[in-house]
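Naming follows writing order (A, B, C and D), and every chain is counted from residue 1.
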Amino acid sequence: MNKVVQNADEAIKDIQDGAVLMLGGFGLCGIPENCITALVKKEVKNLTCISNNAGVDDFGIGLLLQKRQLKKMIASYVGENSEFERQLLSGELEVELIPQGTLATRCLAAGYGFPVFYTPAGVGTEVAQGKEVRNFNGKDYLMEYAFDADFSIVKAWMGDTHGNLIFKETARNFNPLVAMAGRITIAEVEKLFPAGQLDPNIIHTPGIYVHRIFQGSNYEKRIEQRTVRKRK
Amino acid sequence: MNKVVQNADEAIKDIQDGAVLMLGGFGLCGIPENCITALVKKEVKNLTCISNNAGVDDFGIGLLLQKRQLKKMIASYVGENSEFERQLLSGELEVELIPQGTLATRCLAAGYGFPVFYTPAGVGTEVAQGKEVRNFNGKDYLMEYAFDADFSIVKAWMGDTHGNLIFKETARNFNPLVAMAGRITIAEVEKLFPAGQLDPNIIHTPGIYVHRIFQGSNYEKRIEQRTVRKRK
Amino acid sequence: MALTKEQIAQRIAKELRDGYYVNLGIGIPTLVANYIPPGIEVVLQSENGLLGMGPFPFEGDEDPDLINAGKQTVTTVPGSVFFDSAMSFGMIRAGKVDLTVLGAMEVSEEGDIASWKIPGKLVKGMGGAMDLVASARNIIVAMMHTNTKGESKLLQKCSLPLTGVRCIKKIVTDIAVLEVTNGGFKLLERAPGVSIKEIISKTTGRLRVEGEIPEMKF
Amino acid sequence: MALTKEQIAQRIAKELRDGYYVNLGIGIPTLVANYIPPGIEVVLQSENGLLGMGPFPFEGDEDPDLINAGKQTVTTVPGSVFFDSAMSFGMIRAGKVDLTVLGAMEVSEEGDIASWKIPGKLVKGMGGAMDLVASARNIIVAMMHTNTKGESKLLQKCSLPLTGVRCIKKIVTDIAVLEVTNGGFKLLERAPGVSIKEIISKTTGRLRVEGEIPEMKF
């Protein structure tokens, strides 16, 4: 049951041009930095990336955008990225914007084997175009489909050789959901432990959802909006 | 944000005859012993209980059956209880049996605001009677509804004054799901802490789902099937 | 005198009740946290996965793994809890969040809201706004009464693409507090020194002015 | 010689592959855990919320908070993890469990299974069986070939209320290993010393006997 691979290069080695990838993270928080770097290095092209955000110009998914490796981005919010804007306006990049809760739940649905689910988010808006609307208990809902991605790539705080994962604070965000949703799930962790070292009560993602795991290195963990109080 | 009540009697004081209750637990593991005792003492009648199992003759929900306080039981498995069988055969008690995963997911759906969900469990069986069948990606699914219960009653290992809960081992089972699903959620815990004492990373049920909490006492934690190995 | 953004936040803070779970959007709504009335305890939800959001950290204490939905570094408070984004929107969808405060570009007299997209301008996305407005039990919009061109943001119908339909219950602007009713915007309060005439002139949607309209109190 | 229940479990254990996540039902399936081949690592899932189920505890070490889906006291192994019942059936529904082994009263030649209800007898419930058979990618039924009256349990159509339809892939009984195919039960192996004639006589559903039928090896 040992799922450990050496590093990011080995973890992503079978990701090919045209693959559909899901990535964990919210803004720059909890993103799989090592795997993104490896994808840039591997120069895979025409990727479809599903992730809540698209990084900034020189960090996160922005690094893939710089190298024009993306064909399509599926996200809920894509501000803070001028290269993204340029490619979008020039027609080089397709973008599909979906509500954040819908994005999260489309991952959950994949991980829990629900083909579809109903959410009120987007009813009566352009998001509803082409979608089934159905009324339950007097309220309208949209039918949304589970994601179906080739690879899920997540970043966790701690993990073990069985692929069990624990996330830190709000770096949890989409990571456990993305981890459940992929056909092949790759996890990079700050600290990798032998099986049996993590308390089985506090694991967020059971290893059954994780296929490859490695200890990442050189995490930058860039802060997007540094907001502070003055000390008294 | 202090949700602490003194004891089980206070926690359940507004549960009236005819109420629909959901209870956590799997077999006799992780059941809200204190609240069940208080319900027996209060002598509320005509209850509908939603719970995976119905206890044994003299423990768990079986105690409510002994006093004929139940009108209807919704469960996935109800063996191990002769009083239950007697009331069922005599027509005193209504029973609705539903697949275990469907039961769990009907709780989840209530807690996550999904009016319905689709599951393949029960397709082509008598469970499918009267239900919408729909095909997605070549596979048939049944449409099942979220539960709508008046009260949820759960048992946790640790909790804090905000209602945050942590469960122990397989005593987790249905408890976090039931906790999310009720209009009013009551939690009894083995150990109650002031807010701030529990690690926010490892809480299973956020306090937003919990309305009342108290430290229980005299837990028997009866074992239903004591299976052991001989020491060498 | 029209209110400052801080005063709009201050007025909205008076809507808070003890024990509320509250989601505050980016911009003016965020400021509401600074004016929680004494004796009232509320828990702030941040939809990226945090209940119990505390103030910004002291300089040097920033934690890159601890941010809010505006991607700002924040802190926790006693009783905080982290969870994933599906549970976060789950509790929102299930109506567990008592109050949501968010900004808007336009609100219609039927309670529709437009807040995420301007045709012809680059669209950044709706983030969690569509989920919040479609699900929240109680939504207050915090915004200026008019846009930078001086045009009313309270309309009969929204002109911009919608974020949600028939979902806004109350609006606090720099000059008025209004409730969305079957008969249009009902004027509840006016900013100190602002005339009813001014509010009427700056409101394009149907406005109900009934009886005395008190000045806001802080 | 017909197999004992232990031998049925032993034969099924040969279907395990390294790295499998496996759900074992109550009865004969539980015994499979005792015969995991050397060099093969599998993780046992218990649908009440445990991955990595270990053997029964030593006397005195029983923990009432740690049971399996049969309500028996069990232990954990290194790498174990606990979760709630929704996630448990979520991973089952999503096809993450590689193999499910469960008992049955009847199996039809189309792969239907009846295992939970006998009309006229008190019904205890389906537990998780309907979820498991409807969702699992790979299901093996472990059962005796005939019932206590000597009647075949491998039928053209199930006579008892169904647990699931067209879901069973393989059956291991006390006298045979069979695969469910479009053309009915295909005989793969026979118990040592059991004749094909005996298997034919004890199988009511359509049986495909093609070529040499080897004896099971242990």
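Structural remarks
FYI, a residue touches a chain if its C-beta (ideal position, glycine included) is under 8 Å from a C-beta of that chain, and two chains touch if they have at least 3 such contacts.
Please read these numbers as outputs of a predicted model, since none were measured by experiment.
Chain pair with the larger contact count among B-C and B-D is B-D, by C-beta pairs in contact. Annotation: 56 Å between the Cα-based centres of subunit C and subunit D. Separating the centre of subunit A from that of subunit D, both taken as means of CA atoms, is a distance of 37 Å. Work out the mean CA point of subunit B and of subunit D, and you get 28 Å between them. Counting partner chains per residue, subunit B shows two or more touched chains at residues 105, 112-114, 119-120, 167-169, 172, 200-201. Contacts with at least two other chains are made by residues 76, 82-83, 86, 89-90, 92-93, 135 of subunit C. Shown here, the protein chains touch in an arrangement that is not a line, ring, star or fully connected set. Shown are all chain pairs that touch, namely A-B, A-C, A-D, B-C, B-D. Those residues of subunit D whose C-beta lies close enough to touch subunit B in the complex are 46-50, 55-68, 70-74, 76, 82-86, 88-90, 92-93, 112, 122-131, 134-135, 161-166. Remark: subunit D residues 19, 21, 41, 43, 45, 51-52, 76-83, 86-87, 89-97, 135 touch subunit A in the complex.
For subunit B in complex with subunit D, the touching residues are 26-30, 52, 75-79, 85, 88-89, 97, 99-105, 107-108, 119-127, 157, 167-177, 204, 221-231. Partner subunit D is touched in their complex by these residues of subunit A: 1, 110-114, 160-162, 164, 180, 194-196, 200-201, 203, 206-209. Considering their complex, residues 105, 112-120, 136-137, 139, 141, 166-169, 172, 200-202 of subunit B touch subunit A.
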